[in-house]
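Read from first to last, the chains carry the letters A, B, C and D; within each, the first residue is number 1.
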Amino acid sequence: MNEKKKANPIRKILESRLFSQIMPVGLLVILTVIFGIATKGRLTSAASLKIIVEQALVVATVSTGGAFIFASGNVSLSLGATTVLTATLSLLAYNKTGSIAVMFIVAIGLGVILMTVSALLSTALGVRVMYVTIVMMTLLSALQQAILGGSTVSLPYEVVQKLVKGGVMYIGFIVFFIVCVVLFHMTDIGRSLRFIGTNNLCAEQTGISKAKYLLIAFIIAGVGCGIGAILAIIRGGSVGTSTLPSLNMDCMLALVLGGMSIFGGSKSYVYSGVVGALTVVVLNQGLLMIGVDATIIQAIRGIAFLTLVTVSQVRPKGLPAPEG
Amino acid sequence: MADQQTILEVIHMDKNFGVTVALNDVSFTLERGHVYGLIGENGSGKSTVSSIIAGMQTATKGDMTYKGQPWKPTSMLEAQEHGIGMIVQEAGTIPNITVAENIFLGHEKMFKKGPFIDRAKLTSDAQKLLDELGIKEFKASDRTGQLDMQMRKIIEIAKCMYWKPEILIVDETSTALSLEGRQFLYKVMAKQRDENKTVMFISHDLDEMMEHCDKLTVLRDGVIIGTLDKSEYEPNRIRKMMVGRELKGDYYRSDYEGYSDEVVLTAKDVTTLNDLLCMNLELHRGEILGIGGLSECGMHTVGKALFGIEKVLDGEVRVKDGTLINSPRTAIDHRMAYVSKNRDTESLGLSATIAENIASTGYKINAFFGNLISFKKEARYVDKQIEDLQIKCAGKNYMVNTLSGGNKQKVVFGKWVASDAEILVLDCPTRGIDVGVKASMYKLFTDMKRSGKAILLISEELQELIGMCDRILIMKDGQVTREVMRAENPTESSLIDYMI
Amino acid sequence: MKKIIALLLAVVMVFGLAACGGTSADNGSGTESGTESGTATGLDLSVHHKVGVATVHEGEAWEIAKTYLETVVGPTFNMEFIYSEVLHDANGLIAFMEQCYAAGCDGIVNLVTSNDAIAQGAHKAEEWGMWFTTQNSAWVEEVSTLEHNIGQCGASPESVGEAYKMAFKQILSDGQPHSVVLFEGAAVGGDKGQGAASHFYSAVGVLEAFQETYGLTYDKPIADLVNQQDPGEVNTGNPDVHIYLYPGRNPGDAVTALLPVLQTGNYDCFAAVFSYAAFTNAIADVEQSTGKDIKVIATGQIEQQTKTGFESKDPTGDTVLNGAILNDLSLACAINCIELMHAYSGDVASMKDNGKTVLLGVRSYPILGADVYAKMEKINTAPELYILTSEDLIALAQPGVTWQDLEAKLAEVADVNTLLSSKGL
Amino acid sequence: MKNRSKLKDILFTIAFPVLTWAVMELLCLIFKDKHVIATALDIKTVIRNTGITAVTAYALSFNLKEGRFDLSLGSQRMAGTIIGGLLAMALGLSGLWLLVFAVVFGFIFGILTGLAFISLRVPPMVLGVGMALIWEVVPYVISGGKGLNLFGVEGMGILTESWFQILVVVIMAVLVYILMNYTRLGYETKAVQGSQLIARNSGINIFRHAVECYALAGALVCIAGVLDVSFSTQMASGLGNTSNGVVTANMFAMILGGYIGERTDASVGILDAALTLTIFKYGLSLMEFSDPVNSVVNMLIFIGFLVFQANRHKAALGRARKARIELAQKRKAEMAAA
């Protein structure tokens, strides 16, 4: 049955590419404006906006890298654990050597290595990506616990200050983000990954090697985890077993809020993570400022998230599943 | 009494999808003891009307009576239980359960014993049904996953026949069946007629329709154009009714131009795990080489093996410069292209846009600075194909799944034409495409051939092979058993003889 | 259309919920900035202050402290509190402080105990001009000179260590050899400002009690033993005395890991430097299986679970809990708020010792029997039964009251009997 | 013939826990001079942990095998157990009622999650992230942040009795077995696991089915919650989307169970796998592996198993290929001769 679909106009808008690209950004702006008004401008003050951006940075960075994996139709649950373990080990490396450069190199190197291992388990040994990442999630946080025990490792405050003053957080994020935008939207990497996400059989038959591009995706995500780890270190000054426990969930939340399909494919954008992370922080901050209890905010976050996802998608006739 | 003969009446039926009119004031009557054919292009409304009768959807306006009573089914199950069964185009069976469980899928209530399901009775009932239908190839307790696609399709037919339908609706089923499978289906249809029941048969295949239907109703754009009795059948007339414009009876190529001696692709003693065993072929520049055979002869694997998708265990596939083809990437790098038989699942990203699909072959071609892709070049790459192939779409940024079958196939061709492929391996490229688009496809093949490209055309339609190919290779048991030249002017029956 | 309705509904829902939670948003003028330092202006209770409370606690004891803050401290000092979710580290603290700053808070009560969290937090507070006060038993020197860091209080390490030592000495005094499994919590690094200092000194207290009673020869200094990250048996030099140390913050994991250890039957004492409740069933099972009584001593609060522990019997007929080292969260919170009030009054100097922050020790109460606890449990159950009542708070918040005065007050309420009699119990 | 293969299947199933026990026993004897299972308490612990693992794995499998990974399952466990427990305590009822209430609430949270799924129709993982945020708040608000604390509560003793725990685990395993093999739900589950699309076209109400799966998963996971809390006496009401860890940790049991169950039945397989893994972990903890190290070892073995499972058909494939190549050589020789 191939009756030409001429659905109602709202459906048409929802299906259009432009809408799905602009909607999340628009939403972020609207939320900011609403809360700006509700808090009599306190939310939109320069200091407050700076805070919002800084709070969103770690999630934004890690999910920007993660977007490459999600674009290929694979769900990664180990981004959070990778980032935290990376942060731990690079801090230990700093404490051993006292060199910031070593810390940076270890962070990015380790992020890449850990993610490469995940990728190879999947591409070379044929284990499903989701299972690999579930195992890695548990494995890496257990490793971190085994290494740290109950203690925390920290970076001396002067060093943190130096890094903050040097704008390392912003530079790190912006450089990574720009590279990602270029790789995702202007080279074959992003296009291939999206195509794999849309239909990996077809991609394979069009000469797009899933194994190769998935490996690239994991490596980029690994760099994201490494930079995210550094940002987390700079922000918190220390890492322990309970650092960023829900980072992976936050990243998924951010990506989806930012307009990306969890099934990846055509509707994948590298900036989703950034937009989504900012949206979550604005929502949090705004609600807190108008005096909502922190506990309730979590529930609101959940409701708002589900509502937004529901409203912005074309409701499938059947149940949502890759097969339809 | 004539009234007793009437089993179903459709009266002034309308069906709208949003602003699209799928059916417009359709009325007809079905009588017992007949096989009715419903024919029309894609989107003509033939599937819509049959699915309304079978309870898959409801009409916007109009009535139906069934056995003299008003008929308004709310689900397929309801229709089935009242004696209207439908074999659907793409229903399928579930591999991890038994044949019996597949047959009674959705009807497990029938075997309820308290809170439980009586599995023994379920299996024995199913076996009884298979015996009745004379199916001996498998048992009711077999796991469905062990059976091949043919057999699974036969399970679907059996599943439908369990309900002893008074009206059997067969929607585009034969396209998925091999010759033997079709014979089984025709037998079931004939039996139905002999038992004074009714069949409604929907198919693209005009020959098949003319052979098996007592009456043919032609639909176009949701309107009944006319109904013909068997005596009035004439292919050109029917085609004309379907498309609403004069179509040349023969839209295949009529020339006998030869091809170059230059071999561009060689397969030597190719053996794959399941289907091919020492298969040999040579494809020449400017040649359309056809491959035909019974569906399990392995011909669909040929395409995959040549293109490096299916692993070649023994033997080799090489292009002109001697490069061994062992992956799609090397194939594409040597300007090969492959169109799969399963267009929607293998050749297209349905939820990606038209532009993304076409551009998927051109990441390297459209790069300008290292790996950076030039948006301008890419847009040109895509636009040219949409224009040249006249892909009907609201815009290149719309999803492919909004297109009709023919236009989808054009997108597939677009991506390969754009990549300037020299060797095209096409597996059933005109499958499920309506006549109009088909004609333009054939023209495209001919043009490509003339421009020196080599085409390997794997097809289940004998007419197509005869009409288009310079040479036809007939396959059996994974090997090429016969070569037929265009000059021989083969007929369908001679080809079938070779196949068997 | 449906979409629009859904969107509207969502907006209504979000704001509806927001309204439910946000009743206090519009009352009170709300000071826009916290930069009011300068000359002392006297105790002015008419000014409304918003204070962010960054907690690491959850559960009953924390709820009791919250009730105290809400019903006594808040109304007395005209303070409004914003509570964090349960925080774990510096990252969480900073994020919460940012939110507080944006929400207009001018003071932070920080309960996140690790030096780096405290240091980071203090620096942030300094940067934004928010007053910062902390609950932790280890003094953080590196930020002690920051103007806006006005002080620390916490279970005083000596007192908590002493309490454990005392409790154990009493148990070990029967002349028999005893062995202990010690759940150390976040003790590792507690002396270096990484874990929790109180946990560290508690563990040290236990080890010292054993050492002094049996003349044990540990193969390492006690501090190094406590700082070991891996769980395991300590070399005691006495074959009849076994000591098993288990560091870890998650009681659930600890139970699974310690059950086989307890089951060897080698141990007849169990000490937990924080909540012991998760271990009760495991210990009961072991007692039943081995027929030996296990003495339990743990850090506790004045709350139901401590009461039940003293009142219930284990399978061998002994009480489930044999000794509790009580730390009163409410008292510590009160001290933090008093420090904040001094800061608001411009009286920062009297809270500092030569410009440096001071660590005020909140004493632990060792309770070694159900009878004593029966009296103690009444504490914190009514406004006049809190250790510091509304009058105490106002008296201690007067400008001119110094940190020495606070220290004296803490010493005054340090003894269980004195405290009980002062409350008429 | 058939009987013999059945016997083989049974031996295969028994071999997993028995061999694991034997290996751990040997290691424990060599390195620690201890037995893995020496006392009644050891048995009790193993039973309880097996129960928790098995029930959670069942709960996971209902949705996961149909392609729905419910990330909110942990929050449902927390919410159902805490609220059920608080209700039982408020009414002064015994531990049995706590179990009943927890299951009922788990069921309700499951149904609500399922209803949200079929009405919102967002991808399951997205739904899970959102629902977890919401469900975590419910027990937090209801318990005032205190969570559930059963220590010293009258009448909860029954929960810690071995016979009761065995009974719960056995009844639950039998129920799942019957449910999966002899009822409509089982029939539908197998069908939907095969293909949701086809099942739907055949008239199976996949919407109702999905809700049923969610509801069952919710109820089951709360049994695990109760078994857990009966021992640890308390369940904290955590926030911040961290509640799902306890559930995903049982993924290994589910997958290993699926593998063992190929020979017998999925429900038997999962129970068997749970027992195997519990003995393994228990053995490691006897050898004084700390919890994180224990996890690391387990996960490494899990990876190994996943790799094995993904590649176990390769040997057969290799043989088939070899045979095919030989056939091709023979055919070539024939053709050359002809």
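A few comments on the model shown:
Here is the rule we go by: a contact is a pair of C-beta atoms (placed from the backbone, for glycine too) under 8 Å apart; a residue touches a chain by one contact, two chains touch by 3 or more.
Nothing here was measured: the structure is a model prediction, and the numbers come from that model.
Under the contact definition, subunit B and subunit D share the contacting chains A. With respect to subunit C, maximal separation of chain centres occurs for B (centres as means of Cα atoms). If you compare A-B with A-D, the chain pair joined by more contacting C-beta pairs is A-D. Rounded to a whole number, the gap between the C-alpha centres of subunit A and subunit B is 42 angstrom.
Computed from the mean C-alpha positions, the centre of subunit A lies at a distance of 29 Å from the centre of subunit D. Centroids of subunit C and subunit D (each the mean of its C-alpha atoms) stand 38 Å apart.
The set of subunit A residues touching two or more other chains comprises 245, 295-296, 298-299, 303, 310.
Counting partner chains per residue, subunit D has residues 145, 195, 197, 239-240, 290-291 touching two or more of them.
Shared interface positions of subunit B, defined as residues touching 2 or more other chains, are absent. By the contact rule set out at the top, the touching chain pairs are A-B, A-C, A-D, B-D, C-D.
Touching subunit B in their complex are the following residues of subunit A: 1-8, 15-18, 182, 186-189, 191-192, 194-195, 198-199, 201-209, 265-267.
On the side of subunit D, the complex with subunit A involves touching residues 67-69, 71, 116-118, 120-127, 129-134, 136-138, 140-141, 145, 195-197, 200, 206-207, 210, 239-242, 245, 248-249, 251, 255, 290-293, 295-296, 299-300, 302-303, 306-307, 309-311. Residue ranges of subunit C in contact with subunit D, taken from their complex: 58-60, 62-63, 85-86, 230-232, 248, 250-257, 259-261, 263-264, 275, 277-278, 280-282, 284-286, 288-289, 304-305, 308-309, 311-312, 320.
Across the complex, subunit C is touched by residues 10, 14, 42-43, 47-48, 51, 54-55, 148-152, 154-155, 157, 160-161, 232, 235-245, 284-285, 287-300, 303-304, 307-308, 310-311 of subunit A.
For subunit B in complex with subunit A, the residues that touch the partner chain are 17-20, 22, 42-43, 45, 47-48, 51, 89, 307, 309, 327-329, 331-333, 338, 340, 345-353, 356, 359-361, 363-364, 367, 371-373, 375, 397-399, 402, 404-405, 415.
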